[in-house]
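Below you'll find a set of structures to go through.
Presented sequentially are two complexes of subunit A, the first with subunit B as partner and the second with subunit C.
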Partner chain A sequence: MLEVRDLHVRFSQAHILQGVSLSVGMRPLAILGRNGMGKTTLCQAIMGLVATSEGAITLGGERLNGLPPYRIARRGIALVPQGRRTFPSLSVDEHLRLVAVRGARWTVERVYQTFPRLAERRGNGGTELSGGEQQMLAIARALLMNPKLVIMDEPSEGLAPVIVDHLIEVLRALPADGMGVLLVEQNLRVATEVAEEVALMVTGRIAATMPAARLAEDQGLQRRYLGVAAGGH
Partner chain B sequence: MSLLGFAALLALPWLLPLVMPPGQAQFWTANILGRAIVFGIVAMSLTFLATYGGFISLAQMMIAGIAGYALAVCVDGAVPRIVGGFGYGAAIPLSLLAATAMGLLVGAISVRTRDIYLLMITLALAMGVFRFVETNIAWFNGYEGIRNVVGPTLFGFDFRNALVFYHVALATAALLYCGILYLVKTPFGLVLQGIRDNPRRVAALGYSVGLHRIAAFGVAGFIAGCGGVLSTIYNIGISPGTIGLGATVNVLIMSVIGGLGHPVGAFIGSLIFTVFDTFAASIYDRDRFNTLIGLVFLAIVLVSPDGAIGIGARIRRFLGAPRRSLQPASASSIRTAEEESP
Partner chain C sequence: MDLAATIVLNGLTLAALYFIVASGFSLIFGLMRVVNMAHGAMYLLAGYVGYSVFEPLYDSDVWYAWYAGLAAGVAFAAVFGAAVQLALLGWMQGQELRQALVTIGLSIIVADQLLASYGGTPRQFFAPDAIFGSTQVPWVGGYPTFRLVQIGIALAVGVGLWLLLNRTKLGMMIRAGVDDRQMLGACGVNVPLVGVAVFALGAALAGLGGIIGATAQPLAMGADGRFLLISLVVVIVGGMGSIIGTALGAVLIGLAEQIGQAMFPTYSVILTFVIMVAVLALRPQGILGRA
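The block that comes next holds the complex of A and B.
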């Protein structure tokens, strides 16, 4: 579905992405890597939020790079950005109605069934929510776009463990809806429980791709690419 | 509550004579309230852009002037006759169309600018049009402007009657005001508020920030155009001074002292402004009444950065009446949207 071929991104002198290639199909893919490896830049490059200097991004065979972000969004990619980025001046309900499409698979009603907590707080402003609620709102906002592919940039960041469990549950259910998932994470447990395949990112390149189960078991690999001794943090 | 307020405003021309001499009451209806409503409509177009989109446009008075000039140029009976041949029934919609088109144009030209640069580019456009109409004789009769735009007769009521004018202006303002409150709850309005908070995020949600900005300027252009038509009829004509730097700044002052948090602030601001503009000369030294006006505005902005509607909210808080704030966002939150760091 999504194909990225030899993608380069430069910010003046800094060469952030140095030839990233990956492909996401119907099976969820997670990208893992330490801070500063270019994971967020990759998400933004796919979404058209930063300019790419070389390489190709295609969705279902159609080239995306060079398109403005809103066209990329309409082609069927939704980004749940790092840090959630809810709108301070819109209420929960307004956030959802902003993107909802009548008669689509995901509707506001379905969001409220899936995330009962959001239904309780529908009148609250986007910044009056807890971190977990904001994350649910950001995910719900992306799902309402009914995308072909949803990209999540560190959705578990700063969330309590019990909320992370709920998050994993929600993300695992997405492929059944026909939605592709590209998950960018630092949290090994979230990545390996949601995705079947993981790509390891080191200094702007994909260093290795492997089944999630293999990384979950191999502490040597974890130490080498992620600098962690045990799962999670 | 707001219905009651509207009813009170409708009845005001009959209520005023109860508390003041009839002559003075008529002066208030025509010269204070009528004028305040007309200016309020123009100021509301600025407030709409600022409150919901975070765009401060100084072109709104100029856009109102475009509608006024379009009316004066087209309508029968204007002196001098430039195009003429149109009745008010055709000339007024044409003028509103011209203002909307100018609004869209200003929006398109300024679409990539924000903050101080947006302010400067809209000011430059306003001053450009001002200088053009001031020096162009063939179309706008230059410095003199166009006179004798007396307004239509509506169902047998003459616009020159202060009561008729007051009620038409009030109804126009109420319709536009309700229209704005409705519009900001539609997806278009929500996108606009999203743009104020974070334009990049709105783009990533599949909305073109540029097109929505331009459309918002078009809406504001229409609103300003309504004010411009009414103001031209009120003044029985239009001259370049109507859209000069002074008038442009006055509209900004009205919006700010009223409060850039809610469309109602525009009308409160224009009423305060009109009252002081009218009476300052009689209660303070004739040569220095502008000092008084300036001090009053300074005081309002110092006491409450959110303008007069902010003072109302402050008093309610002080009295301990917890109530949901009028404003969707305080003026101080109209700031550069937080950017996502790459």
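The block that comes next holds the complex of A and C.
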């Protein structure tokens, strides 16, 4: 579905993405890597939020790079950005109505059923929510666009463990809806429980791709690519 | 007592006009981050275009002359504003200095073209009979009806803008765009198109102000600079991008001008700038502006 081929992104002197290639089909893919490896830049490049200098991004064979973000969104990609980026001036309900499409698989009613907490806070402003609620709102906003592929940039960041469990549950149910998932994470458990396949990112490249189960079991790999066992991030 | 009431009422009618014009300026700045230095030119342009529709109709004595002039001026300003955004400013999104310079250039061109085609003679609209003449106001006595209507129009503009921003989908898009323009685009909203709509609306408000202003007092060259300056002062005092803040700023500046002219005419010009300096020193984001 989503194909990224030899993608490069440069910010003046800094060469952030140095030839990323990956493909996401119906099976969820997680990208793991330490801070500063280019994971967020990759998400933004796919969404059209940063300019790419070389390479191609295609969705179902149609080229995406060079299109403005709203056209990429309309082609079927939704982003749950790092830091959530909900709109402080909009209430929960307004967030949902802003993007909702009538008669689609995900409707405002279904969002409220899936996230009862959002239904309780439908009149509250975007800044009056807890971190977990804001994350649910950012995810709901993306799902309501009924995308072919949803990109999530560190959705578990800063969430309490019990909320992370709910998040994993929601994400695991998405493929059954026919939605592709590209998950960027630092949290190894979230990545390996949601995705069947993981890609490891090191200094702007995909260093290795493997089944999620293999990474979950191999502490040597975790240490090498994520520095998990060494206690760092 | 009577004098005080008259001064306050004068201040409020002036504030009403300032609010109509400045709310358009504030709206454009809020979403687009464009300091539209051609806002005054749009005021002037709408005034003259409206007048050239009004005059022949008025001469042939039809009752709708003023309304036709109003509609023509506002519509022309809206189309002009949309065209400016589409043809010029859309290409330099985020380059604030360049946009400011382009709109300054535009306002000079517009003013000179208007001078060339209409000359320097002041023009004035005559309000239709229904809102012409005078009305008895307690403590003040007879007061020009049109100036009271002016307050009514300003209130209608304020309520209308509030409803637009808080009760419509376009309003949601505008507010979300003020918060995070990039993310709004990522939600599938054609942000440049919303920008054109906002620009048209902001310019239409400048145009509405132009017609109202040219009915209350003669329209002449120089009104563009004056109303641009007023708009800047009002939104700096009230807070950029806030409708209620703009209303508050307009009332403060309108009252200050009238009180100043009544009590110390020689120095009254300074008073509005004293208020602006005080606000900038104590609360740089404006009275109701977000930091």
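Note that in this section the second predicted complex is superposed on the first by the 229 of 233 C-alpha atoms of A that agree within 3 Å, B and C clash if a C-alpha of one lies under 4 Å from a C-alpha of the other, contacts with A are read in each partner's own complex, and residues count from 1 in each chain.
By our rule, a residue touches a chain if its C-beta (ideal position, glycine included) is under 8 Å from a C-beta of that chain, and two chains touch if they have at least 3 such contacts.
Just so it is clear, the structure is predicted and the values come from calculations on it, not from any experiment.
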Clash-or-fit label for the pair subunit B, subunit C on subunit A | clash
Given the touch rule stated above, what does A:73 touch, subunit B (first), subunit C (second), both, or neither?
-> both
Where does A:98 make contact in the superposed view: on subunit B (first), on subunit C (second), on both, or on neither?
-> both
Across the two complexes, what residues of subunit A are contacted by subunit B and by subunit C?
-> 47, 49, 68-70, 73-74, 78-79, 81, 85, 87-90, 94, 97-99, 141, 145
Write out the stretch or stretches of subunit B touching subunit A in their complex.
-> 185, 187, 190-191, 193-194, 196-198, 200-209, 328-329, 333, 340, 342
For the complex, which residues does subunit C have touching subunit A?
-> 169, 172-173, 175-176, 178-180, 182-192
Within their complex, state which residues of subunit A touch subunit C.
-> 47-49, 68-70, 72-74, 78-79, 81, 85, 87-90, 94, 97-99, 126, 141, 145
Taking the complex as given, what residues does subunit A use to touch subunit B?
-> 11, 40-41, 44, 47, 49-50, 68-70, 73-74, 78-79, 81, 83, 85, 87-90, 94, 97-99, 141, 145
